[in-house]
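Below, subunit A partners subunit B and then partners subunit C, in two separate complexes.
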Partner chain A sequence: MLFLQLLLNGLQTGAIYALTAAGFALIFGATRIFHFAHGTAFTLAGYAYLFAWRAGWPGWVGALIAVAVATLFGMAMERFVYRPIQRHEGSFFTVFVAAFGVGIVVQNLVGMFAGRGLATVDTRLSFATEVMPEIFVAPILWIAIATAAVLFAALTVFLTRTHAGVALRALAQNPDLIRTYGLSANGISVLAFAIGSALAAPAAIVTAMTSGLNEAIGHHVMLISIAATIVGGIGSLRGAALAGLMLGVAESLALQFVDTQWAEAVSFLALFAFILFRPSGIFGVAMAR
Partner chain B sequence: MHIAPTLRRRGLLAAAAGLPLPFVRAARAQPSGEPYVMGTLFPMSGPNAEYGEAFTRGAQLALSHIAADNMLRRPIRLQAEDSQALPQPSVVGMNKLVNVDRAVWVLVSWTATSKAVAPIGDRAKVIMVNGGAVGPDLAGLSPYFWNVIALAHLEVPVMVGYLTRQRNVKRVALIYVDDPLGDAILGQLRAELPKAGAELVGSFSVPRAAQQFGPVAARVRQTRPDAVYVASFGGQQSQIIKGLRDNGVTQIICSYSAFSIDSVRQLPEAVGALYTTQKLDFESGDPVTRRFAAEFRARYNQTPVAYHANYYNAAYLFGLLARQVEQAGGEVNGDALREAMLRTRSFDLVGGRGTFDEQGNLMTQMQVNEIKGAGRSEIVQG
Partner chain C sequence: MIAYLSNLATQLAIFGILAATLNFIVGYAGIFSIAHAVFFGLGAYAGAQIALLLVPDVVLACLFAAAIAGGLSLCLALPALRVRGEYFVAASLGLQMVAVTLFAELKPLTGGIGGLVGIPLPTLFGVPVGVLPVALAALALVLLATALLARGAFGRTLTAIRDAESAAEALGKNVAAAKTLAVGFACAGAGVAGALYALHTSFVNVESFTMEYSVLVMAMVIIGGTGTLWGPLIGTVILLSLPAGLAFLPFIPPSEVGAIQQILYGLAMTLLMIFRPAGLVGDLSRGRATA
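And then the complex of A and B:
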């Protein structure tokens, strides 16, 4: 029974990880920008939902605001931070430091305006009831899984069946070709940031309802996103999503076999194993040099 | 959590700039002389920043009282360094306070960070006063390291006694953070529970950065505890409480004084949780306590808790000791302040007359509190 309980807990965590990791992988895959501030989009979306909830607004309004905030933040980062840097120099390190700096600034601003300490959305959706002997399930589990499944299905349709989606994939493979066809690489890049950042919002809302938010939560999100992107295969959206889900499940199931202290370490052991034995990740393409 | 945003912003900015509002007023009242530098090594950023904010408020109020009472000939400058509740930034901050700012008195917190900075203060003979960390080995860490908070070896037996006698608890599970504090509380529970006829049925260590506690709750449920002792701090302890309650753990949740912060006391899932603190009755007849409580409420629009009182005491004690040294015509430094403390031993502080032992630990009585919701808690064992 413990195994089943841990599996269900892991699926809920994994759904959150999958959404954030997929957003990061989409941005990185399409633009090759190491968007370290993706965790900041997650934080802002979570707090936006929290404020809407505290204001007594309906949940769907809060969710829309959260998505809008994350999307606008991602677009602003592309337009006002990454694009100017890339115009002048564009080294990986400069981009990373800029994103990291924005993350620190936003973290402190959130702390100043929203308070320091854990903030949660108090809802019965996160309250588990005993559905079988020793098995406790909260409604938020099904919401998290269903949301992740619907969003991935929609994203797959968008990337494969629409011109904008095809252009996004093309940007990842050959930016020059995009320009040759008269498309704006900048515009498609903004689209990647908008969609990738929006994917962080549902995960942030679920987190606000379950484990809660604090201003520094973005760092943890980024660690998981990076790990999932590497495990899934750099640039592979489905790889990152699957890896995020696997990391969440592994983190939880590990408690069946090891001490609670080692639960998160299991995720990173998986990461090391992939780096050592399959550096291209689950869906990555191996390249010889 | 309910403090007016402007107050919070102003307080934080002032603390970050090393120029707290009380000092500005103090400096105007006593413009003569080089100020004494009182350093703070609190987490001002990151997941534990709520503590730094609370600690700073207590210290700031004490400085305003020292200035208002014209206790010293020289003003005091509060110099804040951000420890992030981590040893490495704390060592950097302590080195700056000691070698650059020439601090004579440093307020510290956190077991691991206190242990990291103690050798620096010891070498420089700078008094370090802890009002937040409870690791038992902080007692006697250095002649210059004092504690104005009851350490875990005083907190845990009180909680164990209350649980076993008043709540008929026989089985206790522990969730503890993997650091010196968590290890210390694990050791205390292992020693104290059998003495009280109870047992530790499970101990679950979690990393400091862990955020998901649903799976841990499943493991805790398996041990069939009557009570779950949480030995963590900051945002994580609230996450643990929520994780336990959301995932079917209905038994008593209890902890040490770390539960006295607002974010825990306002958490709906924390209603009914128990925690120990030193004995503090803010409505008591003693004038220091009443003045502290009344002016704290007026200044911050908030009911004070143990941490505010501890760091008020930690900062106010400097005023009391430095006044003695000044009156004797001596130089205010670590040795002179320590001699003054050992000579006097007993002081009128928030909570009543407090007496220090030879190692610099404030001897205090304990109480058990129960969280009642909406930021309120009640004393259930005084």
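And then the complex of A and C:
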């Protein structure tokens, strides 16, 4: 029974991981920018929802604000940080350090203005009821899984059936050709950041309602997103989402054998193993690195 | 006042060693590790245990710490051999997170969250000695070794690997050995800094070896300028004197000094990368092309 309970908890965590990882993978796949501030978008979205909730606004308003905050943050990062750096052929490391700096600034600002430590949104949705003997499930579990499923379906349709989506995939393969066709590589790149960052918002809201936020949560989110992207295979959105789901389930199932503080270590052992033995990931194509 | 300045100088020397050794792998070998605090911590625990269980001899503690940290640097060298760039940063981040959990949980070796307390005052061959002169000597040694290694054939091999790994390999350079050695040297240096830190504060716990410290050291190297001899030292002086300077500003509440310091260096990192990617001391034309 414990196994089933942990599996269900794992699916909920996994759905959250899958959404954030897919956002990160979308941005990295399309623009080749290692968006290390993706966890910061998550933090901002989570705290935006928290503030809306504290102000007594209805949930859907808070959700809209959270999505807007994450999206604007992603677009601002592209426009004001990454684009100036790439103009002088910034190396991977330059991009990484710049994003890291932004992450530190936001983390401390959030700590100063929203308070340090755990902050949660209390809602009826996270009250668990006993659905089977010894199995407790809260409505938020189904909401998390359904949200993730709907968003992935929408994302797939967008990437395969719309002009913007096809252009986004084309950017990943050949930026020069994009320009030849008269499309703006910069515009598509902003679009990738907008969508990728928006995907972090629902995950942040669910996290705020369940395990809670803290000002440093961005690091954890970032690490999971990177781990899922690498384990799934760089450039594969499906891989990142699946790997995110698997990491969430693995972390939860591991609790049968170890204490909670080791849950994160499970993800990193998986990441470490993949880096050492299969750097191209599950769905990845072999790449020269 | 003398005690305050002596404490600040010791901290400067210890973090100077950390920044200089991290710069050695980041600036010359292109191995961007965000796990330097792990090896600092390994050295601190190793040095503390030697002092607690055997004798508080500062040289012995440093040597033991260097051996432990250098030996375990294989944890960092292995992924560095397999992958570079983004992948390696991810691996080193993972190592940092797992190591903090290990430090907090392995109570017999590290004292857990409570840490190791009551580390005796350091001696040298039985004579009581301050940490400051030893730390300064160690810093000088590390800088000398960095300068010599960087100028010699080994340094050129490393920069060749940094700039074009396959080209270096094609020229018959043993890439795996060079990377492993460079990581080993840097981590052993961080271990020495850790042992000195343990003897200086006479108390160590996991809070000094978290990702914040890895990032702080990384910020010192970057703000000063990677791949330069003096850049990391200048970065160390700037970042360590920042909290002291902020404490004198009356309008900042003392509880927020830490946060404001972090905001300042975070901003400095981002703005430098946008406008001056080579750092304060770095050579502009060179810093841009490295990857």
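To be clear about the criterion, the second predicted complex is superposed on the first by the 279 of 289 C-alpha atoms of A that agree within 3 Å, B and C clash if a C-alpha of one lies under 4 Å from a C-alpha of the other, contacts with A are read in each partner's own complex, and residues count from 1 in each chain.
Definition applied: a contact is a pair of C-beta atoms (placed from the backbone, for glycine too) under 8 Å apart; a residue touches a chain by one contact, two chains touch by 3 or more.
Because the structure is predicted, anything quoted here is derived from the model rather than measured.
Student: Does the subunit A-based superposition show subunit B and subunit C clashing or fitting?
Tutor: clash
Student: Per the contact definition in the header, classify A:P175: touching subunit B only (first), subunit C only (second), both, or neither.
Tutor: After superposition on chain A, A:P175 lies in contact with neither partner.
Student: Under the stated touch criterion, which partner chain does A:S91 make contact with: subunit B (first), subunit C (second), both, or neither?
Tutor: second
Student: Just checking: does A:A227 make contact with subunit B only, subunit C only, both, or neither of them? Give me first, second, both or neither.
Tutor: The answer is second: A:A227 touches subunit C but not subunit B.
Student: Tell me the contact category for A:P139 with respect to subunit B and subunit C: first, second, both or neither.
Tutor: Neither partner.
Student: Which partner does A:F127 reach: the first (subunit B), the second (subunit C), both, or neither?
Tutor: In the superposition, A:F127 contacts subunit B only.
Student: Go through the superposed model and pick first if A:T260 touches only subunit B, second if only subunit C, both, or neither.
Tutor: After superposing on A, A:T260 lies in contact with subunit B but is clear of subunit C.
Student: Check whether A:G103 is in contact with subunit B, with subunit C, with both or with neither, and answer first, second, both or neither.
Tutor: second
Student: Please indicate which partner A:G111 is in contact with in the superposed arrangement: first for subunit B, second for subunit C, both, or neither.
Tutor: A:G111: touches subunit B and subunit C.
Student: Is A:V81 contacted by the first partner subunit B, the second partner subunit C, both or neither?
Tutor: second
Student: Of the candidate stretches 23-31, 95-103 or 275-283, which in subunit B collides with subunit C after aligning the structures?
Tutor: Between subunit B and subunit C, the clashing stretch is 95-103.
Student: Overlap of the subunit B and subunit C footprints on subunit A, residue-wise?
Tutor: Residues 107-108, 111-112, 261, 264-265 of subunit A touch both subunit B and subunit C.
Student: Can you name the residues of subunit C that touch subunit A in the complex?
Tutor: The contact residues of subunit C facing subunit A are 32, 78-79, 82-87, 89-91, 93-95, 97-98, 101, 104-105, 211, 215, 218, 222, 256, 259-260, 262-263, 265-271, 273-274, 277, 288-291.
Student: Quick one: which bits of subunit A touch subunit B in the complex? Just the residue numbers, please.
Tutor: That would be residues 2, 5-6, 9-10, 12-13, 107-108, 111-113, 115-120, 122, 126-130, 134, 136, 138, 210-212, 214-217, 220, 251-252, 255, 259-261, 263-265 of subunit A.
Student: Note which residues of subunit A are touching subunit C in the complex, please.
Tutor: Of all residues in subunit A, those touching subunit C are 34, 81, 84-85, 88-105, 107-109, 111-112, 219, 223, 226-227, 230, 261-262, 264-265, 267-269, 271-272, 275-276, 279, 289.
Student: Show which residues of subunit B lie in contact with subunit A when the two form their complex.
Tutor: Within the complex, subunit B touches subunit A at residues 1, 5, 8-9, 12, 45-47, 49-50, 52-53, 175, 178, 204-207, 209-216, 218-219, 221-222, 234-235, 238-239, 242-243, 245-248, 261-263, 267-268.
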